[in-house]
Every structure is written in C-alpha cells, then in structure tokens.
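This is the structure I have questions about; it appears just below.
Just so it is clear, A, B, C and D label the chains in written order, and each chain counts residues from 1 on its own.
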C-alpha cells in the first residue's frame, strides 16, 4: 500500500484525496486544512484525517486536527502538493527535501522546480522512481493528450492552439470578468513551451484569452501534419486513445455546458469529466492541403489532471507498467 | 411495488426517474424519449427502458424503443409527467384520463388542472388516494417549506418575498440574459397566489426578477409574525425542519456557487441540493418590531421538487403516513 | 466662477470633471492622475490639466503633469474627492483640512467623516456654506430620491428595500461573480442607516445581494404609507419629481440592459442615465391594504451621483436656491 | 444631396440613420418602424420621419407615421436595408427591384443576393454605380480590414482565424449562453468564404465559437506571409491603415470591456468603436519562421459596418473617389 498525503485541499487537492481513497494499492494518510470551511466539513464527513497547516480556527469550529503538516509528512510515502501557485516550490524547499519525502507538484509551479513534467499517456516512464515530479496544468494536459495521439500516428510539423479559458472555477465568486473577453497579451503565450516539457520535439505556439464562464476551457487547434489524414481516421484515432472522449453535436453535446450536464447525468463524482472532449463535428481536414488538421476540444479544468496525479504516484514509487496503471486508474473513475 | 412511468425526460424527469429507481417500494417502468440526445444515451446506460414519444431519430441513433407512450401507460400505476409547461394538461386530457391512470403534473401547469397542489411537509394528506396532483414549482416549494415552519410556530400575518431567479438552467445555452437584470413587470407577481394553493391561509405578495446565473434561485423574505421571535429560535426551527438546511458564512457558504460546490463535494448525484438552504447570518428580526422576521434562502431549481414527486407517488397510491414517507425518501437522497 | 479640482479620476471623478466643465458658473482647474492609462489619454485629449498624484509613469508615457496635488489644491475653491473608499478620509486629514479647502467626499466614506450627507432634492439646504459634505452612494441616492417624493406626499411608516447590485462596473475585468448570486450576509444591511443620514425620520431596513451583471443596480421596495395611495397617482408623483424617470414595458424598456441602450440612443455622454428609473408596470398597491406601495427601480451606479456633486459644489460655495441649482444642472445633462 | 431611406431600425439601422444625418452630402428621408418601442421614441425625439412597416401600434402610442414603406421608397435615392437576416432578400424582390431603387443589404444576406460585397478600404471601386450591394458582416469587415493591409504589404499565403463571438448584443435580454462556451460545429466555419467575397485571392479558413459576453467579438489570427515581417513594421502598418486602431496594454486597454469604456470616455455616440482594435502587445512573429504573423483584434459588432454603409451609398450613387469618401465619413465619426 502506497501511503499518500495531500497538502492543499482546494479544487485539485480534494479530488486527488478522493481518488487516492478509491485506489486499491493506495492509502490516504490524510489532508491538510489551511482554515475552516465547508471543504473541511466534508473531509471530516468522509472520515479523512485532517492536519492543520494554517490558522487555528479549526478547533473553534469543532474540527480536532490529527497534527500539523509535519505529522502528515512522517506517515506518508508520497505527498501530493496542491497548494496555490509558487507555494509548492516553497514547500519543496522547506519540507519535502528536508524530510526526504517524494513529492508531486502541480502545474502552477515551473518545470525546473521538479525537473520532470508528467502526462501519463505521454511520458509515464520518465517519472519512474523520481523523487519530484510536476503534473502539468489542465490546459497543457489537454493539449498533450490529443497532440501525442496525433503525433504518434501522423507526425506533427507544427501546431497553433488558441485556448479560450474559463474566467474562474465554479465555486469562485471573487474573480471576473463578468462581461468581457480578456486576451493574454503576450504572443505567443507561455503554454506552448509548457507543452514542450512533455512532448519535447513538437513545434507549438499558442494564444490564449479568458471569458466569463466557469465550466471548462475550450481549445481550437490547427496542426500541420507530416502525413496526410482524413477526418474518419482522426475520429477513430481519438476514440481509441485513452482519456479522450469524442462527443457529438448529434447527441446535443454542443457546448461546454452540455458536456458538464452529461457528466452530472452519468453520476460522476462532482459531475467531473477528466477526459478531454473532442467534438466529432469540429474535426476538419483542409481540403486543399490534406496535411492540415483542425479540431476543437473541451477541458474540464477541475478534474483532467486528477488521474495524472494517481498514475504519477505509482510511477514515482516504482510501478513500472504505465499502461496497466492507466487502466487501474481509469477503472476507478469510470473512464472507458 | 408501485410501478412508475416517467413522461418527459428533461431536468425534472431524469431526476425523478433516478429517484424512483432508488426507492425500495417502487419500480421504474421506464421513461419516454422525445428525440435522441445524451439524455437518452445515459438512460440507456442506466438500463432504463425507453418509450418513444416523438421523432423517429432514436432508431437511427442505435436506441431501440420498448414501445410508445401507450405501452408505458399500460404498465404503470402512476405516471409522473415532466413534460414542458402546458403539455402536461394536454397529456392529462389526451392520455391519462382516458387510460384512467394516476398522474402527477409539475408546477408549469395551473392548480386547477389537477385540483390539488402538493408540498409533502405542508399538505401530504391532501394527496392521499387522489388521481391527479400537481407538484408546485421549485420557487413555490421553497417558499412553502420555510413559511410553513414559521407559520406553525409563530403564525404569519403577512409575507413579502422577492425572488431573484437564475436566468436559465446550467445545461441551457439558448436563454439569456447574459448581462442584464430583468424584472417581472407585474406587481405583485403570480407566485404569491401559487403559494396559497398549498398554504391556504397565508397572506403573501411577491416580486420577482431574473439575473445572469444558472445555479440557484435566491429569495429574500420579510414576514410579519403574530408572535414575537428571536434569531436563535428561528435558526433552531429551521435546523429541525425537514428539507431545510441552515448554511453559514462561517463555513464559506457565502453564495449560490459555494452551496452548489458543497453539494458536489458531498457526493450528491449530479451535485444536487434538494434542501432549501437558509443562511444563518441572514436571519434577522427587526429590533423595534420584534414581530418582523427577515431571511434569505437559496433554491436549487433542478432538484428541490424531486423528493416531493416521490412522496406524492406514495400518497396517491394510498400510503397514509406522510412523515414516514418523507423519512424514507430523505434516506435515499442523503437528506438528514 | 467657482474653481473646482477633481482628485481621483476613475468612474466618478471623470464624470464629475466633464460635468463641471459643462457648467457656466464653474471652471475645471484640473484633475489628478495616479498612473498612466487610457483615462489619462482622454483627459489630455479633452484639454484637462493633469496633476500627478502617484507613480511617475506619466512622463514616460508622454504626459507632462501640470504639478502635483498641492498645485491643484492651491488653485481650487472646492475639491471633489473621488478616490477609492477610505482614501477620501485620509485626504481630508492630510490635505483638505490643512489647506483649508472645501471638499466633497463620496459615498465610500462614512457619514461622520464629513458630518453632512447630501442628496440635492432632499436636503440641499443642509450643505449651504459647509466646508465638507459627503455625496451618498449610488444606491442610497436612488433610495432617497424616490422615497423622499413618496414621503412628502403620503408619509412613510416604514420601508423594506432589497438591492440587487451589479457585481462590477462595465470596465472592471477583475471582479466577479461570473455565475453566482452573492447575498450580503448581515440582516438588515447597512444601507438602511445610510438612507437615514439624509432622510432622517424614515424607518427603513434593507437587504442586499450581488449578481453577475455590470450595468445597473435594481431595487425592489415595499413601503407602508401613512395615507392611502393609488397606482395612477404614484405614477404621476414620480413623473413630476426631478431626476426620476418613469420607464415602461410598453416601450420595451423591460430590463437594465434596455434602459442602458435607451440612454445610448438618446446620445447621452457615455450612455449615462443619472435619473432613477421606475418601471410604471411594476408600481403596485396591495389591494387589501391600500397603504402598502410596491415598486421597482433601476440605478445607474456610474452616473446617478454626478448631478449631486454639481449641486453640492454650488451649495457649499453659497448658492442658496436649491431648486434653481438643480434646474441649471439638469439642463446640462439633458434631464427634463 | 443623396436622399437616403432606412428600412429596419434596429442595432444597425438606427446607427446608419444617425450617420446619414451627419453627412453633408446626404439627406435622411426617414426610417421605418415595425412596432412601437423606445427606438421609435428616440427617432421621434431626433426629428426623424417615421414610416410604418408593421403593426399598427404606433398610433396607439402617439406616433403618427409619415406613411408606409412605399412612401419612403418614393422619396429615397438609396435605401439601406437593415432588417433581420433573409428579410433583406425578400424586400429586394418585393420592393426594391420593382421600384427600381438602389439598395444596400447587410451581412445577414448571402453574397449572391446582391452580387457585390463591400468593405470600403478593400474594394470601394466595385460598388461604383451598382444598384445592389451587400455590406459584409461585422466579423468579415474586421477580418478584411486588417488582412487587406497585411496582404498589400507582405502578401498572404494563408490565414487561420478563430472568432470568439459575443453571445448577444448589449440590449438583447433573450439570448444566451449565460455560462457556457459554444463552438460552431462546422470545420472550417463559413466565415472564411465570406472574406473571399471581398478579398478574392486570399486562402483563409476560420473557426468560431460564442461566449457569454455582450460587448465585442475577439479574433485571433495566424497569417503565413509571402515576405518576412517584423513586429514593429506591422504595428506601423496598422497605425497607418484607416479604420484600424492599435490599442495597448500599457494604456490599460487589456480587454473588450476597457476598449468599450475608452470609446464611452471619448464621447463617441453610443460609446461606439467602429475601428478594428488590434492589440500592440499581441502582435507577434514566430521567431523560427519569420513569415508567420500572429495578432488579436477586437470588433465592435454594433458599429464597425456603419462607416461602410455610408461609403457604399456614395459609391452606388456615382462618387468615384473612394479615398475621399472614406475621409469624409471618418471625419463625421471622429476617426483619425
């Protein structure tokens, strides 16, 4: 049993905790809580052990912590750090290196901090036995999954992707925009180089913007291929790739809202959709240049990296068979 | 076993279907499908029998219907009609009366169509052995639940409620407004009289408006009481009333978004919150007039009427003990 | 000629500057700029003198300041402070008292800071010859204008108002909520006491919440009157009150969005609507209690206080005739 | 004096009417009104003659029409048809051909209906003396303006553009989405061929989607050039092209909301921004392929086609000098 602790119990942390608890080969040691909130109440309801990492308002609200972060680190084999941007690096320096505990960081940290960036179906082997690995961001994970499939089959000459990003997560009431489109004013954006930390030989440039929606990101991609492609084969390719789901206008899955509704209806925990959703009707091949592939995909920013965290835990603790790990993880999520 | 059929498989229909399937004393005969969509796919995945009620595109998309609506009616003891506004009445006249099948209609229909309007904890007994009953709308259900509790304890002299309504459901991409507040330009609005179909002796007038949000309605209420009240007792009253949940700023449940997040975290199917959520910190008693009570509540428009449909099925088929029915239903929803 | 300086050149400051520039009896000395932005560019295009109050990035961007805030204070008879919340008080202590310059503060400051709170049509006389006066917030201004009219004619026993507030101003891309309704979790809210700084003898309690819209606030009001009223007379009352506009469903002015569109079409500068807009079809009198008046009004948070600032400047500098000042101001705004 | 009638008085029609009224060489004969609304009230206030084209509710609301559409057609030399999609074609067949009156249609009609599609700075000459001309849509106008400039200087090998479209206009309260991203599920989208009705030799493919915003569209463009480019030269090119405005992050013009705020501040009628706004900081040239140009632009869907309508009127009535017409038009809009 791999003993896993979670440091940071927000959007990503609480999902990784639930996922760890579902794995047969893992044991959730506990989670940290920074301050009291409904998050902590639910953790308590679920029977998770809670370790205090911040304010002392937990006791005042009826939560007795099982210790502080140091106690958690002592019991865990691997720590999944899901704290806010840049705090992961601080924790690595302050705690994980000193305690010599293996640690997974998230996409808010830079590649250099961990040295290895990870998307299970692209480079599982790179993480085997590593001490520190970074799970790339939700957007980068989405780009890597589909581009890796395309690259393996057709070879990619170059990629342009535009990322239309949700402005804030569903539970976030503080951030906007309420009624504006906000471009990322660097050209190209930093997401391209981030993809290259996983898919090292792909030429990719990206542009990005934010919109007043909370549900999912949407990517439009234009890919110059090395071999000719046709739409049906690309559909088939995506259908046969793990953690990619082909969705269809014909099923009335016409928007990010309807995809989220679909996930709720399927009974997924929290209505999550960890698969990257590619629209079948939005896959196109430019007719006078059969090497140019276009497609659109939706990324559930809250959940697509969760299976990656699970596989990464296995790789770091010496489980060698990436494909088998992916299969084990998928089963617990209900991913085909 | 009460055999239940569902006609209309949208926001309400699909939830009632799942709820019926969870009851030990009920059997889901099947659901109707008007046309092919992801709804139908999920119904099929769940093993529900599908009866065609509209277009013939089901077969074209690989769904073999188990018959048409008439076949469904033949097998069912009770039909829950969750078709769009006014179609319920048409179906009642066209099918249910002729087939002499008991039918539940939803709040889009007028009170007169069924003759009885229903909120389990207010008037369960009225529905016992009835042939046709109407479940009132999500807003009216929310008003009735908390006002009934207040009325039983303090006596209500009069109520003013303002309903801030979500503009469209989460999966609805067609309706706005995107960036406007839209008042209902009748004064008072029609919701007051609708409450009176259940709570017959309460004087209530209402105003309403719509806003660009998809998650929940929010009500602000001002209640003139017959007896003096204090905040702590009102908090206690709501805590002890079924299908009402007291939520707190202290838990960071400060908005409709965070309540929905809480429901997702708890693992509720679809992230639903059938309880009416009253904010503890927004319960107030006007100090120079101890008989005036103010409070705010959030209503999950997609799910609060689902338990009502279940209890109503029991009442109509002769189950006499309302409290027991509510308890049985609550258990399957995880409502305390 | 009254010489006026503007300190703080944001949503309110830039509008007061333009309004001062339009008055025949006033001279705009200049405005302060905290840092470079399109605001500063437009001020420069309009020929306004710019005084530096913050960072030194003005020169780097081709703007030569005409001095700092001290230079502005030396030339002005009255300063309108439109800096962010709480900075007004700091400026009063640091600059205005010391320089013995008359100052107008905005509604973000507390009543006590200035000692006098102002809505021209309610209490113009209170500001005559005062050194420091506070213009109340946009919401309080809106409540005072219509309630004062109602109070003068019918006498007000008590008021309950719910304020549905826009989440952020149109040009603000940072603040949310994107998809939530956010209640103010104090009951009653602080807006009631704020109204009482102007309308001293009115009993009023208020509740408030924010929604994902940027255009206008919307208020629903329930007023217990001392005398009986009927809808037609109330419509007439509002039609004959200054800075109140009766709008109609019949004209397709059904929402805050359409009111803003109307203001744009009329050619108002920035599409502003400084009048409080009351919906004719949403004025109601409860039939079994002819003393209860209901109405809904829309408040353009960016502009309703601008005419108040202008009248206040006149009052503070000794202009005794409030009605005449209001008329002079209205003419420059195109208010009937 | 060119006598111009406007048929259809919505978003586009009312703006063209105001623009015609501002031209020294044109006379506004009048506008049609389909039904009573605030639009009609404003037209009356502005002294425009109103011709009835629909319901008879105008008289009931105090508007005496100056005749019907036939009276308007008799007096006008040119009619600008700004009726909804497909009605323009119907009107062409039913009225304009029969009355032998020159007519301008909008981008909702197909190219074939008029035979000529128009963007003044691209193909003014094609419209000279024509009887029927189509002004292309707001998106196509935006693409044509900047791509034409790029093509003239560098030669375009091929273009990919993604259009992030506002979900509804600011005054439209009926259409969504409220909280979703909605892709156009055809690949490539129809916008590419529409550009080719004006810029005939450009290879372009487009993708599109809608978001919950009302203000402007945003385009991201990737252009393969025939000659090498550098960023500074492209900035200069756009600065020197008419009806294109280079906006800057440095001025805090970081979003569609701030651009609209800027237009309001400048005192533009209705806060319109007919220029295509290109972000300086979002112009990029891919470093290892100096022929690939990236940029982002914002399109004010309500107003960018208005100057085009004015120039087109001149061209169709025989004014040969396109550059001079553009200059005359620009001056009345305050476009540099």
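Going forward, contacts are C-beta pairs under 8 Å (C-beta built on N, C-alpha and C of every residue); 3 or more make two chains touch, one makes a residue touch a chain.
Predicted model, so just to flag it, every value in this text is computed and none were measured.
Across A-C and A-B, it is A-B that has more C-beta pairs touching.
Farthest chain from chain C, judged by C-alpha centroids: A.
Centre-to-centre separation between chain A and chain D, using Cα means, comes to 41 Å. With centres set at the average Cα position, the gap from chain A to chain B is 35 Å.
Chain centres here are Cα averages; for chain A and chain C they lie 46 Å apart. Residue positions of chain C with contacts to 2 or more other chains are 170, 172-173, 177-180, 182, 212-214, 254-255, 257-258. Across the complex, chain C meets chain B through its residues 160, 162, 164, 166, 177, 179-188, 203, 205, 207, 209, 211-216, 218, 220, 222, 249, 254-258, 279, 281-284, 286, 288-289, 294-296, 298.
Listing the residues of chain D that touch chain C in their complex gives 14, 36-39, 41-42, 45, 61, 170-173, 178-179, 214, 250-255, 257-258, 260-262, 264-267, 269-271. For chain B in complex with chain D, the touching residues are 167-168, 170, 172-180, 182, 212-214.
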